[in-house]
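Next come two complexes built around chain A: one with chain B, the other with chain C.
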Partner chain A sequence: MGFQEDEHVHGLIDNLCFAVTEGSVLGVVGESGCGKSMAALSVMRLLPSAAVVQGGEILFNGANLLAKTEAEMEKIRGRDIAMVFQEPMTSLNPVHTVGRQIGEVFRIHRSAMGAEERRAATVALLGEVGIANPEQRCDQYSHQLSGGMRQRVMIAMAVACGPQLLLADEPTTALDGTIQAQVLALMQELKQQTQGSIMLITHNLGVVAETCNDVVIMYAGRVVESGTIGHIFDQPGHPYTRGLLASIPSLAGNAGELFSIPGTVPSAESFEPGCRFAPRCQLRREYCSREVPPMTEIAPGHAVACWVTGSGRQP
Partner chain B sequence: MSALLEIRGLKKYFGLKRHLFQRRTRFVHALDGIDLDLMEGETLGVVGESGSGKSTLGRTIVRLEEPSAGSIRYLGRDVSALRGADAQAFRARIQMVFQDPYASLNPRLSVGHALAEPMLVHRKVAGRRAARQAVGALLGQVGLRPEMASSYPFAFSGGQRQRIGIARALALEPKILICDEAVSALDVSVQSQILNLFNQLKKALGLTYLFITHDLSVVRYVSDRVMVMYLGQVVELAPRDAFFARRLHPYTRALISAAPLVSTAPREARIILQGEIPNAIDPPSGCRFHTRCPNVMDACRRVEPQLREIEAGHHVRCHLYAAGQ
Partner chain C sequence: MREKNFVESFTKHRLGMIGLAGIVIVIALGAFGPLIVTYPVGYNEATPLAAPDREHWLGTDGLGLGLIAEIVWGARTSLFISFTAVAVATCIGVPLGLVSGYFKGRIGGLIDSVIEIAMTIPALPLMILISAISGPSMGTVAVVIGLFSWPTLSRIVRNSTLKLASMPFIEAAIVLGIPTRTIMFKHILLNAAGPALVDLTIIMATAVLTEAGLSYLGLGDPNAWSWGGILQNAFRAGQHFHAWWLIVFPSLAIMFFVVSFNLLGLGINETLNPKRD
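Then we have the complex of A and B:
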């Protein structure tokens, strides 16, 4: 996938490849500009108009979402795949009550429901996501709710039809610490109830360690490492993953100076050939910038894209 | 160590617009009686959630806001009494680094211009040539190249922009830097670079920091002392290691417990607080935390606890630690 600018397409996401297993939580981790949000929007087929999908497929229950028509996607969105966005302030409509906005999901996907039934279902849903006085809140507007409550409304809307896959893009980043803990606990609870899968997109490795089963680490539009949380946090294989983990100050205290990866995250216009992390990498070899390193397994279910720490033969 | 800044009974109320038939103006109690000594050479970490008043505290100290009551003394002199040249000199001593390096730089000014302006206004440098040299030195100090002075903010990454924000704060050779969520908007790999830069500058220039953040692991890394705020009040203030080891206030315990750990090791059971931070217009009676406190007692609803020193340097505002217990 890339972005069109005048005549030229800047490639961003390159050969992205991962799977969400049924009933589990996949964490997609990366820094700003690595393409993690674009990956989620591709699944929803909600990419901005300048984005161009250049190839590949997204299989949902075996069917390629990229080949679906817009009408078919409209049936899937909200019913089978739903999304929770980062900014609950900007993703709710300020001129409609929250009850009406949640009810809209039922109006579209459960058209057999009558108005009263719809309202009852909405109130029940608000109660389920932990909103006190759901009956009252249902008739309020988004500006009357706090940030945490708005995010709960967004989650209610997303889980209204019991989707098989929930995409959550930085769902707790805008929230305070104690409220983040509440919302993460709620998502876990709902997942247990519905047996659905979650793809959690975040830059916060702490959130990943506590809520996910599997992790994909992205850097500059490519997956650089994938595995279970045990693999990623206890035996990280890619130099980028190792650097990331070492640069987070610990709540238990740090001795001496904090590690930091030199340089900054490249933008899509300035990607280097070969390994895109090479310019910042401590293990860099001369051949790293010659060819793109493929994902190779270093343990069952644990793969890295690195010429040095991976198991592939050097170019 | 002596106190560089002495804050006593500091209050900041924001008046709300009155309705036509409303008798009295209602106030947001952003700061309600803050007593604090900022010691020379220390880093004081200020933690709190939104609405705790931590940003208002920083803004009131640099006098972006006028206090409603209380006093701020810098090296023993009341800063609200300063006028003219004295007031200007005081402003140069305390500078601020903001959260959003995108919003706090003027997109139409080259970086060199943005850095030279405060020095020219405060007559730190005489003339353009001296300013250019000083700008080059400043950029070098924060890890940028002097020739970057001719570029505009859009040409820089987030981390570089925050370095420019720091360079601008350093331009007037301040004693105190107030960093308001200064690393919160940065990517993890860049955040650690900036944190290390803050530590290096502190050593090289003998700075004192008031480091405002919501991130407890960042606080643990940079601070000498930690202060927790809740609804405009200080609820706990202690030396860093004692703070993290003892966690006396129930709110502190919940706050630390809510922080996700970057580890797969089993963790202690999480304390999940019920409800949200109450409105600062009508703060709860008695202890302001009683509506969410897992250890709430009868007295907490009626009597407001005072900030008391429980152990050497460890202050807590909680009835659990009332005298004699």
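Then we have the complex of A and C:
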């Protein structure tokens, strides 16, 4: 599975290129507004109508998703590629029971199942995602469940048909710490069972360290660094990645003030030519804003888009 | 949280329950009344224009027909008119509102303009025109009333849909590959049902009023008893000067029906609105 894509309106995301390998977890990391969610939505072909995909391709099992018809996409969504969202509180329909909503996924993608079979599968699934008394919970409405349970239900709906790719858009951000760990563990476990892959979108490097095999760091719509989890955490190449890692509070660290990257992410209208991180970068050279730095491999499987630390040349 | 407790909360809403009771009474009157009271037709041996007494509780009209029978049979007309009008308005208004709210682009905009234009058309003169051309028949009147009541319903459904379409649970449904039509009718419509239901009660009440108005203008069905028709008969013959009962009782029936539906609407609205005390 690989996916690659160019330019949105205002060039929101460009030259985004990364691959989710079978059976692994890819972490997509970046600040709010850097285009992480947009990347996931474009895989689903569910970008808001204002966004236009201007080129590139998104390959899923060798087929380009951008070339599929809407009807073909409807079959893929929920069956082959599924998604879990950030807001468990509002991601369930308040007027339908939990069981009915999960059952609906079966009804659409597994039309051969009868009503009783669907019900049994739904209850089994609820049990699998760690909901106690699944038989009883099945007939409850979302408001009768806690936030953690709702997210479990959302995950149940997403994995109902054993998708090959699960897009998880900040699945634990709205949950408290202990529940976060449980939900992440659950997703790992289900991934093992279904032999699928996960694309985990997050801004939490702690979550990445715990769950991912590979990491892509995004900044303002571009990939600035990609590599295995070892590469990113042990030898971060891009100044932005280094800044992110430096801004994590450490238990061993001294009690000084926490590092923070100065400035904010530029908006799509104010992108400058050249490296988009340059205005906030501590290693900045005057040539950084002249031309976009290319992704350069600094170690096998570890690439960085930076004029200073990556490519050994100047623009 | 609504659906589950809705029935329970509604039963605690006193005015809403009074409205519901009123409607049940009218429906019972229309359904079972004609089994007891015979259809008032032709001349009767009873004294014409007799004031309410023990024999004729609500008095008689110019032909000596009992007013009770006329009002009971008139209830049937009112019910037929209001339910047909609501059915027509729902069939047109709900899908248009859903589509225009869900597909925000060109189709939605186009339908929205259609709704807006339809809302500006003054209903009564056109209804008079259509009834006059097509000839007075209860079916026509009902359908025509329905044809003029859908725009408000459409607008209400559209507004709810606009809000609901951007809710995460709709996004989640799309992501699960649930077909658009299912999303619109099962996920959005059910959530938008509250305000739409309130509007339906208003349409019902208005339909009865409009029918009475058209009948009063002589554009009702002369072969069917209706409350507006009783008034029209009385006025045409100038009997309203001496037979007060011919005016008071049909008017009370109309008022009872309309007020009942308005109270029901009020009850539904306040039960669905979480801001109530």
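Just so it is clear, the second predicted complex is superposed on the first by the 301 of 315 C-alpha atoms of A that agree within 3 Å, B and C clash if a C-alpha of one lies under 4 Å from a C-alpha of the other, contacts with A are read in each partner's own complex, and residues count from 1 in each chain.
Here is the rule we use: a contact is a pair of C-beta atoms (placed from the backbone, for glycine too) under 8 Å apart; a residue touches a chain by one contact, two chains touch by 3 or more.
Keep in mind it's a predicted model, so treat the numbers as computed, not measured.
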Touching A:S24, do we find chain B (first), chain C (second), both, or neither? neither
Which of chain B and chain C A:S289 touches, first, second, both or neither: neither
Specify the partner with more touching residues on chain A, choosing between chain B and chain C. B
Tell me the contact category for A:M44 with respect to chain B and chain C: first, second, both or neither. second
Identify the partner contact of A:T173: answer first if only chain B is touched, second if only chain C is, both if each is, neither if none is. neither
Going by the contact rule set out at the top, does A:Q188 touch chain B (first), chain C (second), both, or neither? neither
For A:G78, decide between first (touching chain B), second (touching chain C), both and neither. second
Intersection of the chain A residues that touch chain B with those that touch chain C: none
Touching chain A in the complex, chain C uses residues 1-4, 104-105, 167-169, 171-179, 182, 186-187, 190-191
In the complex with chain B, residue positions of chain A that touch it: 31-32, 146-149, 176-182, 184-185, 203-207, 209-210, 229-230, 233-234, 243-245, 247-251, 253-254, 257-262, 264-265
State the interface residues of chain B toward chain A in the complex, per the touch definition above. 49-50, 157-160, 187-193, 195-196, 199, 214, 216-218, 220-221, 241, 244, 254-264, 267, 270, 272-273, 276-277
For chain A, which residues are in contact with chain C within the complex? 44, 46, 49, 73-79, 82-83, 85, 87, 90-96, 104-105, 108-109, 141, 143, 154, 157-158
